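Each of the next two complexes has subunit A plus one other chain: subunit B in the first, subunit C in the second.
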Partner chain A sequence: MPKTPSKTTAKTHPARELVFGDLWEYDPAPETADPKMKKKYDLFINGEFVPAKSGKYFPTINPADETKIADIALAGANDVDAACKAAQKAFTHVWSKTSGQERGKYLYRIARLLQDHAREFAIAETLDGGKPIKESRDFDVPMAAAHFFYHAGWADKLEFLAPGRKLSPHGVVGQVIPWNFPLLMLAWKIAPALATGNCVVLKPAETTSITALKFGEICQEAGLPKGVVNIVSGAGETGAAVINHPLTTKVAFTGSTEVGKLIMRSLAGTEKKMTMELGGKAANIVFDDAPLDQAVEGIVNGIFFNQGHVCCAGSRLLVQESVADEVLAKLKRRMAVLRVGDPMDKNTDIGAINSREQLERITALVKSGVDEGAELHQSACKLPTKGFFFRPSVFANVSMSHRIAREEIFGPVLSILTFRTPEEAVEKANNTAYGLSAGVWTDKGSRILKMSTLLKAGVVWANTYNKFDPASPFGGYKESGFGREGGKQGLLDYLKIS
Partner chain B sequence: MPAPQTPISLRRLFDEIGTVDQVGIEERVAKHTTRSLKKKSKVFGLRLAVTMVDLTTLEGKDTPGKVASLCQKALCPHDEGDIPPTAAVCVYPSMVRHARKHVGGTQVKIASVATAFPSGQAPLKTRLAEVRAAVADGADEIDMVINRGAFLSGEFGLMQDEIAAVVEACGKATLKVILEVSELETYDNIRAASFLAMRVIRPGDFIKTSTGKTNSNATLGNNQVMLEAIRDHYLATGVPIAMKPAGGIRTAKQALHFLIAVKETLGDEWLNNRRYRFGASALLNDLVRQLEKERTGAYQAPWNFSEATEGY
Partner chain C sequence: MTRIHITKTPKCYVGGAFIRSESGRVTELRDSEGGFLANIPQCTRKDLRNAVEAAAKAGPGWAKRSAFNRGQILYRLAEMIEARGNELRDALVMGGAKGGDATREVTTAIDRIVHYAGWTDKYEQVLGSVNPVASAHFNFTVTEPVGIIGVIAPDASPLLALVSLILPAITSGNCVVALASTTQPYPSILLGEMLATSDLPGGVVNLLTGFRHELIPTFATHEHLRALSGVVNADDRKTLRLGAAESVKRVHLLKAEETIDWFADGRQGVEEIRALVEFKTTWHPVGA
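Moving on to the complex of A and B:
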């Protein structure tokens, strides 16, 4: 019998895999509205935009194509001093004498103005930070407005937070925020601070200052009294100046655990109040009775949302051994239709990594995963030639001792581990220095309740992931920080209780 | 035909096929609606949707004249713009022979609802006779309804046997099995019924959402549940089952959202009218309207499209 070419065999026994090809390609759908950005941004101090006293600027770039977008004023210690003094003056003479009802009015006005300017804020956020436009449009900006609306409602009802106790604001609050959700983190910080009667000096992350400085324009448009909100842009030294300034009596920080520890060291022995929202290495736990397709959707949402630049990202997938292969197969199929590329394209699911530095960090950690013997799967999508991009990545056969299972990667990289029993799942989930968030996927309601009490995490999501609401407090255990943002608990962190 | 089965419990079936989380799947399909289709990709999608329409009239007042105009519309949806014919016309069994006069021998297929559509509440013998009659009159495709009563009372074997009997009665005609999702109510039930049906029909036969005669019809949610069931069945057995959402899809935009669901769930091999159909009537006009807009650069006056076919 003549040898049959293998092609024929393949034809008679078609491989049962789906074809996600180019039969129907989506054309580019770029967002083209004008973000109304300036070429040069100054510091927002005492209600005015002023250059840094040193006259220094630093460039901010678009991580999707590495082009310069604008020059940002670099605040030095003397600028921070001016901002803190302006805030103190505003607090003493104006804001502390403004009734809760009046403060609420300003917050409502800011919330509505953010909605009015939603489109330009979304575009500015995407240009400066690299996140897909559909996320900044559908998540970041609407959520930021929602936080102002929520806290506006609280401003004249603070007495109900702690009945029978006397509540008073701290005065000037120093706030330092990260680059992953620039406008939203600003809202998380400024809205409760203003609602509770504090004045603010805020430092945005150096790679993403634009929407914070644009927010200064919103404060002007809202007629917010001068000095109530001050925004000083710069790098780590500027942040240190804000935090260590004698006038800031409370400090709120969101960022890496490493920097959080530095701040706590420098503030040890002072009377300053602190809240810290730091890193995470969340366990997303999938039991064998879970609705697997929805669990896969939650896994994707948990790790690839905002390129994985999310402190509560579900970066460790714990999946019950009996369904591990099926979950991985489904996950790969789902990843095949994720679209990576130009963040300004409305069909882009995964945008640009925020900075070269972060891209290098992710690359190094992924290399360590390969070196330590984990099995890497990456989606086959085409990446843009310019800019900072990283393929959505999944590691199978990860063990608890691997670096990729212990360190926060802060990128689109998932580590998959397996477990056999609920007890083992809890043990593995809690075996980490962090404790910010966790996810549980199961059809069994009682198991959800039990897991949520056993998991040492500030937030436990059940059959969903990355859900946020201004009314829901957010914060961590262990090295993920302390204090809560959002809800009643978040407000109490901005008040002195006596 | 498979041997009659003893009823198996729904729980045991779910252990095998898995369940569906309502919140999760609705979140998934919401993402389909944020896809933005421009230029060529939009025209491709609109034309593809036209070729997938089962242009339908299912009314008590249907006449040979109405069916004739429906058939003309199916063959030539618009006098300008080189718009392709639809996949099929879909009529009651009594109208099949009238439809055959107009579309017989063309690429437009004749589909006929049968099995005491839409309730299915007639003796099996009567339902099978109706199927045979429609096929004998020239129907290429039969749209049957499942026995929802049997499903809801847990008699899965009975439900499957009846489908298998209709498969036999169909002969060479393609079968579309209507689950009537609004009467099954939950996504879990829709998934279960999809699997029960897929296990007794042939490669290339369809599962279909609805009759269009209840107040809730095809949605992106139940479409997604069925697409995922088809995917899981295909990957497990190699048998490709086709899909037809029906009822409630009235605009071109909706149709594109459904097609995006197909593209991102089942992939390229389902993006054709052998594997995917729309049971619709008003939809065709809107597809044509949007295609004319893309061709000419402007929306045309409403009287350029036969709005009187609203009932189609």
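Moving on to the complex of A and C:
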């Protein structure tokens, strides 16, 4: 019993700790630089910004205060057709005739330009999507640039990917990305596609189009040949038009498993190649020998990073029974000092939920958790009166059959389950239709490797969580999708092998 | 007095045992002149489900074998077929192949098995990687078998195509439930007998005979089949992909309407193995 403090001692001599709570408020530290945004964004087709043929626009709002930021052109089927044709023309006449080294040089330029404009991209990302500025500044934008930098170098070295085989690009690739990491997901999609010699038509998520359209400006600035990259904004219908267009012979999708299946069905009668990066319900497994303070930081990062809008979020905490009480106590204490609020404030840990729709979905799932008998703990922080915010939430006493343990919540909501043996942990971790990622916290290297072997997940983080790198392939098992993004493994999905 | 010839009752190889279809149904197998040869089991979706169950039992053990051991077992399979090559050749001739072509199909199939026997302890070094990430982590990517693979073999090159579809799957530790050529199922019956004596654990490869149109819908929707590999027509491709969408199954299908040269070297290799593995990336901390 060395690890759990004796309860009787705790009662008579309460441990002294310094919890300042809201005794002293932080001064606001807002990021105020100019994001250089336009009031109105047109589609980026064939190297130019053009209005939608229908003339329709839809508003995009700041989820932190619900004010309108800009109007975004709504691409219809005929706009998507124009984009696909532009991409095909660029592929046939220019891009397929551009050497690997020259393609790489364009990607290097894009990487550098993203670094040059990093600050304005970070602010635009936070304004449009609601994520804390410290995340868009320190993670999203630098990582997006890193992806272009990494893939740039591959463009003239593709023959090392499949020695002895002939590799060729697909031509036009249709890509549909989600709203949780708008610019980074664009980079994950466009960088490998261009490095392998494809041209792209990309549809950003309807709530987060701005950085994608700003990326069009980067393409112009880089002198990228017209039509190599086309950005068509809109909602589901626009995405369907991209995916079903006869010219897009390869489709790459990141989003929910539900929509992934829909796309798979709609393409069943075609020979299009697909990669799917879908949902997850990752287990983050904490053994009793883990460094618990470090683990608690990892748990917090695993579930509250980007408001939990992360497909690989560590949303199921599996903690060994002997340390469960201690972990929950530490976690509650840590949650009490998480700063929820204005995403533009540099001290904010948790920003705004991306949309009202998502907030409603999270609220409904949390309600189901309470109704099904799990024990809800929420931090007592003050939430802004305007905008979409949700308290960091943790459910204890969750059982495997609860909806909150099975369905992807995509919000700052953690479900805690316990286990006794490593076998039970593996059994519970793998008992899901998903298989995107997992976390393991232990002091034993051999146990890390054993657990990694047994967990049915595409990415396993040991004593860390939510780490990403362009050189590290990312993607899921089972209903979390197929194909990889990043690393040498990610490139082949954009090439035909003969 | 001439001796009465003993005819063989062809049986399917499932779970390491020889079975008839649970349906009790058979189809007549006739030679190219129309003479009666044997009754071939006409397997049903229930037989397919039983085969998947057998594969599920065998799977973890097979995947856990050392790569070296899997290589020895596959090489043993080649040894077993080499010894009975004439029997397979005769089966192919019976189905209409010319003698020389039949011999070539058998020898190519054996050589293909030897090719994959050599891959078992090498593909990982080609497909996997250590990834230079920008943090203090030993980051590496290894492959793992997908699980149980549904294989649908074409009618052309009934032995070589079947072998070419099964081998890359089992090389990496997957299990297979295969539907043999509908028009020429007999080579698969013989192959089952050879698999049974090859040290390959029962259930790793399960061979069914029967009608495609009866079994394709179950191949499409059975959720424990984690990938589909085979040669089918456009309608069946659509059926299989629609079913696959329900559980996000991996699908690698070749077109039955196109001629496939199964003898080509391009029909074997590490890319075929790659199509039926998952990639797993581990971030292991570096430091004291």
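We adopt the following convention: the second predicted complex is superposed on the first by the 477 of 498 C-alpha atoms of A that agree within 3 Å, B and C clash if a C-alpha of one lies under 4 Å from a C-alpha of the other, contacts with A are read in each partner's own complex, and residues count from 1 in each chain.
Note that in this section a residue touches a chain if its C-beta (ideal position, glycine included) is under 8 Å from a C-beta of that chain, and two chains touch if they have at least 3 such contacts.
Predicted model, so just to flag it, every value in this text is computed and none were measured.
Peer 1: May I ask you to decide whether A:R265 touches subunit B, subunit C, both, or neither, giving the answer as first, second, both or neither?
Peer 2: Touch partner of A:R265: subunit C, not subunit B.
Peer 1: Who does A:D325 touch here: subunit B (first), subunit C (second), both, or neither?
Peer 2: Once the two structures are laid over each other on A, A:D325 reaches no partner at all.
Peer 1: With both complexes superposed on chain A, which partner does A:K478 reach: first (subunit B), second (subunit C), both or neither?
Peer 2: In the superposed model, A:K478 contacts subunit C only, not subunit B.
Peer 1: Figure out whether A:G164 sits in contact with subunit B (first) or subunit C (second), or with both, or with neither.
Peer 2: The second partner, subunit C, only.
Peer 1: Examine A:L18 and indicate which partner it touches, taking first as subunit B and second as subunit C; both and neither are also allowed.
Peer 2: It touches subunit B, and subunit C stays clear.
Peer 1: Just checking: does A:E297 make contact with subunit B only, subunit C only, both, or neither of them? Give me first, second, both or neither.
Peer 2: first
Peer 1: State whether A:P28 touches subunit B only (first), subunit C only (second), both chains, or neither.
Peer 2: Only subunit B; A:P28 stays clear of subunit C.
Peer 1: Check whether A:T464 is in contact with subunit B, with subunit C, with both or with neither, and answer first, second, both or neither.
Peer 2: After superposing on A, A:T464 lies in contact with both subunit B and subunit C.
Peer 1: Does the superposition put A:M276 against subunit B (first), subunit C (second), both, or neither?
Peer 2: second
Peer 1: Which partner, subunit B or subunit C, is in contact with more residues of subunit A?
Peer 2: Per-residue touch count on subunit A favours C.
Peer 1: Quick check on the output: what are the common subunit A residues between the subunit B footprint and the subunit C footprint?
Peer 2: 463-464
Peer 1: Can you check the complex and tell me which residues of subunit A touch subunit C?
Peer 2: It comes out as residues 146, 162, 164-165, 257, 260-262, 264-265, 267-269, 276, 278, 433, 445, 448-449, 452, 457-464, 467, 469, 471-475, 477-482, 484, 487-489, 492, 497-498.
Peer 1: Would you mind writing out the residues of subunit C in touch with subunit A in their complex?
Peer 2: Within the complex, subunit C contacts subunit A at residues 127, 129, 131-135, 137, 139, 141, 226, 234, 237-238, 241-242, 244-248, 250, 266, 269, 271, 274, 278-285.
Peer 1: Under the stated contact criterion, what part of subunit A meets subunit B in this complex?
Peer 2: It comes out as residues 14, 16-29, 134, 138, 289, 291-295, 297-298, 337, 346-347, 443, 463-464.
Peer 1: Spell out the part of subunit B that touches subunit A in their complex, as residue ranges.
Peer 2: Interface residues on subunit B, with respect to subunit A: 18-21, 23-25, 27-28, 34-42, 44-45, 48, 228, 231, 234-235, 238, 259, 263-264, 266-269, 271.
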